[in-house]
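Each structure below appears as structure tokens.
Paired with chain B in one complex and with chain C in the other, chain A is shared by the two complexes that follow.
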Partner chain A sequence: MKYFLRRLSLVFFAWVFALIILFFLPRLMPVGPEALLADRFRLPEEAVLLMRKEFGLDLPITTQLLRFLQNVVFKFPPDFGYSYINYPVRVKDIILSHLPWTVYLMMSSLMVTFLLGSVTGIIAAWKRGTKLEGILSLLAIFCLSSPVFWLSYILIIVFAFVFRVFPPAGAYSVTITSTFSLQFIGSVLRHSVLPMLAIVLTQAPSYFLLVRDNMSLVFKEDYVITAMAKGVKERTIVFKHVARNALLPAVSLFGTQVGLMLGGQIMVEAVFSYPGVGKLIVDAILGLDYPVVIGFFYIIITLGIIMSIVTDFVYIIIDPRVRYG
Partner chain B sequence: MMRKSVWIVVGLIVACLGLAAETSRPLVIGLTTTGPLLFVEGRLDKAAGPALMMSCITPLAHQRWATVDPDGNFVPLLAEAWTISQDGMKITVYIRKNARWSDGHPIVANDMLLTFEVLKKEPVLDDWGLLPYIENIIALDEKTFEVRLNRPFFPFIQYFFEYFPIPSHIYKTAENYLDPKTLEASETISSGPYKIVGFAKGTTTIRMVANEYYWGGPPPFPEVIIHLLSPDAFVPALMATGQYDIIEVSKPAQVAALLGLPNVLVRTYDTRGFWIWNMGVWTGILMNNAVFPLSEKQFRQAIAYAVDRGKILEIAAMGYGELSSMGFHPARSPHVAPDLPTYPYNPDKAKELIQGLGFTMGPDGIWRYPDSGKKLSLKVQARAGEETLVGSLVVEMLKAIGIDATLETLASPVYVSNFNVGNFELGVIKTGQPDIVDFLMMKFYWPTVVPLGETIHYRGWIRWADPHFGDLLEKYRAASDPEEAQKLSYEMQRIIAEDLPFIGLYYGKYIWAYNTATLANLEITARYDWPRLELVYGLRRP
Partner chain C sequence: MIRKYIIKNKKGVFGISVLFLFGLIAVLAPYLATRNPWESFKPNLGISKEHLLGTDLLGRDVFSQLIWGSRISLLVGVGSAAGILIFGSLVGLASALSSPFMDEILMRFTDIILYIPKLPLLIFLAMMLGRGFLNVVLVMIFTMWPQTARIIRSEVLSLKQRPFVEAVKVLGVGTFGLVKILIPHILPLLLASLTNLTIWAVVYEASLSFLGLGDPSVITWGTMLYYAHVSGVIFIGNYIPIVAPGLCITIFGVGMHYLASAIQDVYAQRTRLWKPF
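Presenting the complex of A and B:
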């Protein structure tokens, strides 16, 4: 409990610190959003000044920071205000309209990534020195070193262009109305296969290599040798004694991957014209739409922090050394 | 039990995948676009977003008074007819009797009066600088209005017809119209063949259905779906699915794969319908004429000789385009002045010109400034995409003549801001460009040079001004005799080609892919036939 409370207070300060950095980062850009407002909306100077006032950009930076902390850190749900480039739509609404697609793609990819990476890692370690391990390792290194956009194009060319088994873009067929029907669900599933595959193929090797190497180390532990000497079944040794210990770092990786994947998915969403937050965030960064940028990274940071706490919890459950330490 | 559940889930997934098969569908258009989608129904003066949206989406729902066909002839749209007085000072516009908004309310003269009030209240919305010429706009009756000018301006109606009527029965006053808070409250209302029934900011699909009150009768497709695709989308795979009827191809490198597909026709166009004009896409180099050595004509000419424009066209646009004349028009344009200097690629000549300015060649092959002995360095700014590709080629070509050139790829707001305040040396720009003499001459010309550090919008970016050129421009705008106008245009082009305040590189082609299976009963053509849809998408009924 003490361990957990200590961790909780630490992550809270880390979270606030990260949000303060997030507040300052976009403001380091050489031009402010007023330049964008004036050019894109062809607004007269007076209108730009009014908008600056409405967005609070005319206030001293310290006041802006305090207001930000008040609205984002100490308020739930946080209030990021209006999107500059989609004014008068609120950031919350614009992010929420895109987020479900990204969360669906990310969570499903992450699950498959974890399972695939861990299971193949276990098999590779178990069959160490065989052809199977060699092939799996080679594939893992190939996928790990492939840029995700390149791999995405390869998948599109092979599965959408040559064999035409999966659609190359979008979240569902444009001619289907987005209602909760089997046809719509089927279309969503079909459209998510290739982007999901692109993410899984580039992320799973990290789990594979981690689990494989850890398994190899754990195989040499005394208790494993003892189990072997006692004549315990090989399958039981691998899955009950070795894998359970070797999976600990993979669980940590899973926690940190959530935030990273949300950011890393931007490229995949761009190539597959997927309507998640990817395009939204690219537009927001290019358009100096600070509130949307902050809203997006708030999610990444908060998710990262939550996953770090969850990982700690899982550690407590699966590793008694942490519980009693 | 566990195994059974897994099989049930798998079975359900397979069933769903099967059900996702296509049924009959409307016209589906894919547009590759960058930037956020900000499409404000019924409020087009405030609509902002990628030019593609303005040219390919808004014309379907919001119509103007008239348009121009590819031959340059006016085609009446919401206006049935118009008359221009002998002295060109009075234009009377007769609105179609059956022109209605999509809510059934008639389009009336007051709608244009409200547009004028809005422009007066916010002159910054006056894109084409017409306000200084307009004395007044009055309603003669419910369906007729008159525009009175205070001085002659002969290309006036070409611009004037671009200003949308605003539904006065909804907005009532200019203040109400301009209040940003009313943006979301406005109901979907259109004057064109389609009305928008499915769109929210930030989404990627726009659904339009036929406007039952449209004066021109039912459009050829009762429903149109526009899908906004990422610029990175692989168009050949999208066309191969058969889901799309038309897609604009933003990457010429994808054309080869498209050509191998059955039922796909690839067409290229020099221009794309954009408001009343046919819009080409011009790529050029803007130079900051206020900083040395770019302030020297001889140096700017050296850069023109150093740049192999043909090679840039071949590499950056894969040959899909044509070289720009140095007078700014596409080389094919009937408006190009004869005998303009062409500046063929000649690095030796470029070096000779630089040497003539007193620069000396350093031991490292880089020129040194005459007084300070500093290296001659130039920064080339560009945005991501084709501009950066062009920029990298320009940098290599400048290095080849001894200039220490570097490329800066910038986010669009930073890039624009640099131009605004003059914080740049060279900038690669790709921009929509109509082949209208008056507008071309105005494009990058501002009559006074705004000092570096002070903000000026795009017409003054190059910080170059010539009183004689300004005088010719004013005379051109007032010229009623076509021969005189042409003479003035030629003279202005010669000034630009001689003085080179900027360098035109090429006009790119627009590339469209058509699904010939689903569009089998339509003729795919570049000719004008049916208002807008044809002009924009090149379709017509045989």
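Presenting the complex of A and C:
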């Protein structure tokens, strides 16, 4: 318990500091965003002054920081203000309108990644030294090394252009008007197959390698030899005795993987023009829309921290040794 | 040491040959490229003797771009990886060898950077610093050092428990002397980290360029992918400008992976030999 309180407080401070760093980053630039935007859209001098006033950029930096802490860090739900680019729209609304797509894509691919990585990892360790294991390992290393956006393109070329099975871009077909019909859901599912596949193919190899190597280590344990000597069926040993113990570290990878997965998601959404948060953030960064950027990072950092704490808890539940250690 | 252990290892041989091959291509680019990579010919030509891999939508020779592109891609990859490694190990060493209080502060700071997801941060910083491949290197060093710092710190902390460190301390060797003695011990780990980081750096450079944040005035595998993406070259059925640069990145990555795992294998063998039980 004491350990957990200590950890929670440390994590909380890290969270606040990370947000403060994000607050300062755009403000360290020699020219402010309003000047750059004015330059880009050829705005008159008055408009720049008006923007400064409206977004509170004319206030001294300490006041801005206090406001930021008040509105974002110590307020729930946080208030990120208005978007610079789509002015009268609130950042919250922009992000919320894109979030469901990303959450859907991320959760489904996370699930498939975990399943696929674990199952192939178990099989590879079981059949160690066979051709099957060699092929699986080579495939894993290949997918692990290839940039996710390139793999997305390969999938598009193969499944959308050569074999016209899945659509190459978008989240649903634009010809369907009603949002709550079977046709729409089917279209969403069909459109999400390739992006999901791209994420899964680049993420699953890490699970695969981890599970495979852990399985090989656990196979050498005494209790496995005991089970063999007792005459327990091979299948039972692999799945009941070895896999259960070898999957533990994969669970902790689950938590740390989220940030990496998000990076992949951004690239995949860019390639498939998928209307999720990843595409939004790239557009926001390129468009200097800092409130949106900060809102996005807020969600991601918070999510990452929650995931790491949850992983710790889950680990305690599934591994009794940690509880006493 | 490398020669003695890695040549025996099949994975190591493969990794080293890939590295050597790409290095040779990068160095000999002016002699290997059949065309000027900037020159425009007819767009979307197929594979022929004049254009080994055809041309892209702007009519530039894909094969020659690929050869020239390897220069900056590898330079940025290896350069950033070296930068990350140096900075990360300095922080890791400082953290492990200084007082517990300093250690705590450095590690908490490392944690904070670790909590911010890398690619969005990379894009953000690259946007702020402006285009240019030196900026890409700087941005990568800033975002990616924490992992290395963590790895080096935990390794040095475990080395500090060994009797020989105690002995060295008793002999009155200072911190710098200690670092000098420790470096050969963490060298395999440093090399494995370097190869792993190179993969990431090459991929991240390509990702940044792909999103239009690279240096548009130089040819890299990433900017090739960017131009292919923006021009929509695959919609007219010309797949080579997309497939070729990505395949180069992947092959290079596979080679580096095998090299890293060979180094780790050797390292594991050696540590096993060291332990008396």
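In this section, the second predicted complex is superposed on the first by the 313 of 325 C-alpha atoms of A that agree within 3 Å, B and C clash if a C-alpha of one lies under 4 Å from a C-alpha of the other, contacts with A are read in each partner's own complex, and residues count from 1 in each chain.
Please note the rule applied: a contact is a pair of C-beta atoms (placed from the backbone, for glycine too) under 8 Å apart; a residue touches a chain by one contact, two chains touch by 3 or more.
From a predicted model like this one, the values you see are computed outputs, not experimental measurements.
Because the two structures share chain A, they can be overlaid on it, and in that overlay chain B clashes with chain C.
When the shared chain is aligned, chain C comes close enough to touch A:F296, but chain B does not. Looking at the shared chain after the overlay, A:Y153 reaches both chain B and chain C.
Look at A:F161: by the touch rule set out above, it reaches both chain B and chain C.
In the superposed model, A:V251 lies in contact with neither chain B nor chain C.
In the superposed model, A:I285 lies in contact with both chain B and chain C. In the overlay built on the shared chain, the residue A:I309 is in contact with neither chain B nor chain C.
In the overlay built on the shared chain, the residue A:L116 is in contact with neither chain B nor chain C. After overlaying the two complexes on the shared chain, residue contacts for A:I21 are found with chain C alone; chain B is out of touch.
Taking chain A as the reference, the larger set of touched residues comes from B, when chain B and chain C are compared. Look at A:V271: by the touch rule set out above, it reaches both chain B and chain C. In the three-chain superposition, chain B clashes with chain C only at 57-65, the remaining stretches of 21-29, 57-65 or 75-83 being clear. Overlap of the chain B and chain C contact sets on chain A: residues 29, 149, 153, 156-157, 161, 270-271, 285-286, 288. Within the complex formed with chain A, the chain C residues making contact are 108, 111-113, 115-120, 123-125, 127-128, 199, 203, 206-207, 210-213, 225, 229, 234, 237, 239, 242-243, 245-246, 249-254, 256-258. Chain A makes touch with chain B in their complex at residues 29-31, 33, 35-36, 39-44, 47, 51, 85-89, 94, 97-98, 149, 153, 156-157, 160-161, 164, 167-170, 173-176, 182-183, 185-187, 189-190, 269-273, 275, 279-280, 283-288. Residue ranges of chain A in contact with chain C, taken from their complex: 10, 13-15, 17-18, 21-22, 25-26, 28-29, 141-142, 144-147, 149-151, 153-154, 156-157, 161, 259-260, 262-263, 266-267, 270-271, 281-282, 285-286, 288, 293, 296-297, 300-301, 304-305. Against chain A, the residues of chain B that register as touching in their complex are 13, 15-20, 22-23, 25-26, 28, 34-36, 38, 46, 48, 122-125, 127, 180-181, 183-184, 200-205, 225, 227-230, 232-234, 236-238, 240-241, 243, 257, 411-414, 416-417, 420, 457.
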